[in-house]
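Next come two complexes, and both contain subunit A; in the first it sits with subunit B, in the second with subunit C.
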Partner chain A sequence: MGFGPYFLLATLEGLVTAAVLALTALGLSLVFGVMRVVNVAHGEFYMLGAVLAWWFASLVSGNPALGFLLAVVLSPLVVAAVAFIADRLVLKRLNYEAEGTIVATIGLLYIIQQLALTFYGAEARPVQAPFDWRIQLPWFGYSAYKLFVIFASIAILIGTWFLLRRTNIGLIMRATQIDRDMAQAFAIPVGKVYAGVFALGAGMAALAAVLIVPIKQAHYLMGQDPLLLSFIVVIIGGLGSLRGTVVAALLIGLSDGIISMFFSPTLAKMLATLLVALVLVFRPQGLFSPGGVAAR
Partner chain B sequence: MSGSDTTRTILLHGALLAGLAALDFVLPDYHHGVLARVMVLSVFAMGYNIAFGYTGLLSLGHAMFFAAGLYGAALPIYHLGWSVWPSLGAGLLAGLVLAVIVACLALRTLGVAFMIVTLMFSQVFYLTTLYFTTYTRGEEGLVLQQGMRTLALPGGHISLANADVRFWAAWTLFSLTLVITLFLVRSRFGRALVAIRENEERMRMLGYDVFASKLAAMAVSGTISAAAGAAYAVLFGYAGSGFASIQYSILPLLWVLLGGAATVLGPFVGTLIMFYLIDTASSYTTPHMLVVGVALILLILYFPKGIVGTIRAKWLRWLP
Partner chain C sequence: MNPIGNQSQVVGNGITRRDVLKGIGAGAALLAAPGFVRYSQAQTSEPIRIGFQCHRTGIGAPYGRWYDRTTAAAVKLINEAGGINGRPIEIVIEDDGTDAARGSEVVEKFVRQHKVDLVYGTLFSHVVVGSAPTAGELKVPYYVVSEGYHVASGKMNRYCVQPGITDVKAQVRSVAPWIANNLGKKVTLVYPDYAFGHDHRDYFAPAIEAQGGQVVAMVPIPPTETSFTRYLPQIPRDTDVIYHVMVGPAVLTFVKELGEFFGNSGPKLFGFIDSLEAVDLKSPGLEFLEGSHFWEGMPRYAQADMPDYEKFYREAIGLDDNGASVNDARDISTAAHMFGCWETLHIIKRSMEACNYQGPQDRQALIEATEAMTEMEAGQEHPQGKKVFDGRIHQVFGEQNISQVKEGRLEVVHRTSIEDGRYEPEGDYTKMSF
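And now, the complex of A and B:
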């Protein structure tokens, strides 16, 4: 295989990574943007989504598409419900104060992760893809499911954009983001909006996980890498910016595959993390937004 | 601060140190070992407390300072055949240098960004220890043999692998750190740190160099954490990447929260209780870190002052 096809393959793989990453990071970004809460447990919502997907899929025998369909609908809903409860029981009582919520979400991280270890176990388990066609390119065959993941992610991103920019729900969310007190004064139920956004963010992470779980297996520690990568994406893209998040996810997803081809994955992760920490130190508004909100 | 408060403070802390010393003779083997470990780890917590409790800098990356001390001491012993004293010095120096560099960068940010930046720097440090597996042996870690851990004293050489020696070494480090912390928080510098925590703008307006004070606080905090790490390496003879992982940044936060942030005795109380809690939990179930998660949430929701902090607020106003 020559360099061209090899590069195409790396790009396709990078696009799949970017597609899933964009969804996960967007969830984190929404929560930070609207609520000013840094959700350290975001990666665990992702993990929970994958683990539940395995469980739902295992309930249905026969056609794998049915199991996948069940997972894709129910898993994000359950995860969103868990997040909703966590918001009502914990975050709301802390009045969304920055340091308290970080400590609390660290606690949440351990609780979800350790409960998954208790009930799901330490094994990695696969979920069968809903279909296993291959698309035969002139140089290699490529899984149609992976292409489906890319397009599904694009569709969901467009849907989210529509929700935020063209609907009443989005208007209310943006109003809360811009000025919480003023929104409250205009009779927007800010508490409900917060709980809803927290659930939505967690649900997006879970949805991303359901999409990836036929490609990567479900494991109770699988939330760590997406958490770190989502942080990286959200920081480079500018905290709370939708367009920046998508651009940064593409950048990170594509370069992740290509850099890992040339360097050791550990070194790649090391350099990426260092770079992002420096971005946060010297350009807290992110690389793409000219004068966004500084990270406070 | 009145004279009688000073007397009471000296009496209380002196009594604690004497009590701990007396435990050397009565504790059964297992708890004897645990107490030595808890004393070293609570030095780490006391270091963390300087930054988090007194200065209000919520760092999520103190594992890197602990690990800097750990590797700063263990690597020269293991690879260069250094003796214990210079290695301890190397560990302290590594922690100090790292703390100054990290603080210079991270202190440009505030609040949430500070937490994330420290978390990320610490993650870079952790990945570095994994990347140089040839020297650090990664998660598996370095084991320092007994022969490498003999301490040269005026009276002759003693082995740190001996349980009693280890206890006294840990006790000495603990006492030193306790006394240093006590002096520090009662000094002008310590009170300036608390004032910065409470109202940074006002301190700046009063003409204090806030950045310099915070930098100094991080340097002291990082060096004390590194001292704990270096002591851990030579006393327990093990240095692994696990000590640089996020978990060891979370644990000191938990210890300090439980014991009471910005109290001198809180870190020790918190470390002691949490150590036994996790120890007990892990003898019943595999997922023993569940305790950590539940404790963090309960503390932040219902008990933000911690044990010693609550005692101070309710009964003993003079507690430092």
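And now, the complex of A and C:
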């Protein structure tokens, strides 16, 4: 295979990684940006989304698109509900204190993971893709569903941008993010905003997982990698910045795809980690972090 | 005031030397009395405790579940027939998380806390390699069901034996002639980049070259990888056969992406069923495997000419004709490996009976009794088929199956002979000290 097609394949693979990563990391970034909570259980919400997607999809027989559609709608909602309850029962009672919430979300991580192991089992189970087309290029074949994932992710990101920048909900969230006390003084129900943001962040992770689960199977340990990569993306992109998250996800996803194809996957991971270190040393607020937040 | 010191003073004042002597005398008399021998039956009915190092969690969990079921079925059978030397077997299970460091801790826990007679049942090669030194230090027999070449390499220690399942080196030597004669001579290897995969890498190339074939490329894949398309361009276009062996939860993704990448125009496929153990062959995306070939240690699907002892074995474990649990058709077994548990337990029984095993003091005799074994006939104790044990390298050799996917089922098309897999031993455990 010549360089051109090789590069094309690497780019496509990188874009799929970036698409899913952008959604997952955005959830993490929102939660940190608004609530100042480092959600270590974020990867488990992702895993829960995938596991629920399998469950919902297996409820429907017949056309696989129906099962997938059901999963796309219900799985993020259920995960968001779980996150909402977790916020009310745990995080709120800790007053969103930084150290406390880290320990609490680590606990949450293990609880969700072990519950999944107990009730779902240790197997990797597949969800059928809504459509099963294969695009035959002159050099290699490629799954049409993977291209769909890229476009779906772009659409969701645009939707999120619209939500944050052009709606009242977004305004309230941004107000809470910039100054919690002032927002409260203006009668913004900060507690509800927090619970909502936590649910939204978890829901986005779940949505990313539903998109990926026809490509990779649902497995109870699948949350670890996305958590690590999301942290890398969020640190590079700047906490709470949508644009930074997307750019960093593209950077990490594409470099992962291209470097690991031409050199080795280990090198890609090493470079990503090195990038994190460099960003932390020279630009600790992240590449795109809004100045006001970083200054605090 | 120091209350503890005070207390001991009270004791010192209250009990005289004479009292102590009297007490000891009374105790000794009681122990010597005919009615009071606590372990009067120790020689006859105290259970034999076998520590089962089980992959309950981690990437080996589906294997662990079926190793557990096979073990339970074999132990039930042995105990119903009177146990070993009249003593029942008791299985003590500890989860090693399919983790090498945890595996070593588990071996220690078995010996120090559970006081087992021996440790048994490990599958994943890195756990075996991690646990074996501990077993050697604690001088506890370690019967693995791993198929890795580590035990047979002679580099472990005298306490490690693998008497129930053929190792990878023998497996690849068995299948190489068939691949060269039926599928093609130019082979690309795709394998996980750790111990188990390295066995395939190191022993397949010489085996295929001996048949006039050639390995045209090797594609190692990191064990934590979850996406594989990026590795597939490394497969040269003139490859006749892709030889794939993957493990872990991402195997299904691997096989699916292989199908997406090549479609129907790609090279022929020869896989080790390890890639799809516990996975339904009718899973979406696996249609393109139709017509491809797999190595199977023991057939997953019930075959037409299955002997009675194999039927008995499948029934005892609870396997349906598709190799799934009789209770849940979606719960697919790890049939190509788990028979090793059944056979290993029967070998432990035979070895213990041969050396008249009484307790941990006979551990060396137990290993020597296993080392002395040679031929094992196919039958209820060895449902996978006849075997030959080489005591020098603590490794058993058996027949292997090559199966083809036909209408979503695996059908055995060729059975290799034991001689196909035999090789010159690289070590001799019997010359090592205990």
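The definition used in the following text is that the second predicted complex is superposed on the first by the 271 of 296 C-alpha atoms of A that agree within 3 Å, B and C clash if a C-alpha of one lies under 4 Å from a C-alpha of the other, contacts with A are read in each partner's own complex, and residues count from 1 in each chain.
Going forward, contacts are C-beta pairs under 8 Å (C-beta built on N, C-alpha and C of every residue); 3 or more make two chains touch, one makes a residue touch a chain.
Everything quoted here is computed from the prediction, not taken from an experiment.
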Review point. Who does A:Trp161 touch here: subunit B (first), subunit C (second), both, or neither?
Key: neither
Exercise for review: Determine, under the contact definition given at the top, whether A:Phe148 touches first (subunit B), second (subunit C), both, or neither.
Suggested key: neither
Review point. Between subunit B (first) and subunit C (second), which, if any, makes contact with A:Thr266: first, second, both or neither?
Key: both
Exercise for review: Return first, second, both or neither, reflecting whether A:Phe84 touches subunit B, subunit C, both chains, or no partner chain.
Suggested key: neither
Check your understanding: Is A:Phe131 contacted by the first partner subunit B, the second partner subunit C, both or neither?
Key -> neither
Check your understanding: If you stack the two complexes on chain A, which partner ends up touching A:Ile102: first (subunit B), second (subunit C), both, or neither?
Key -> first
**Study point:** subunit B versus subunit C as contact partner of A:Leu117, first or second or both or neither
**Key:** both
Practice item. Find the residues of subunit A that appear in the contact set with subunit B and again in the contact set with subunit C. Key: 117, 266
Study note, to complete from the structure: Touching subunit A in the complex, subunit C uses residues 57-59, 61-62, 64-65, 222, 224-227, 229-233, 237, 249-253, 256-257, 260-263, 278-279, 283-285
**Study point:** Touching residues on subunit A, where the partner in the complex is subunit B
**Key:** 36, 38, 90, 93-94, 98-100, 102-104, 106-115, 117-118, 228, 231, 235, 264, 266-267, 269-270, 273-274, 276-278, 280-282, 284, 295-296
Check your understanding: Given the complex with subunit A, which residues does subunit B contribute to the contact?
Key -> 58, 60, 105-106, 108-113, 115-117, 120-121, 123-124, 127-128, 130-131, 250, 253, 257, 285-290, 292-297, 299-301, 304
Check your understanding: For subunit A, which residues count as touching subunit C in their complex?
Key -> 1, 6, 9-10, 13, 17, 64, 117, 121-124, 126, 128-129, 132, 134, 136, 140-143, 215-217, 219, 221-222, 225, 257, 260-261, 265-266
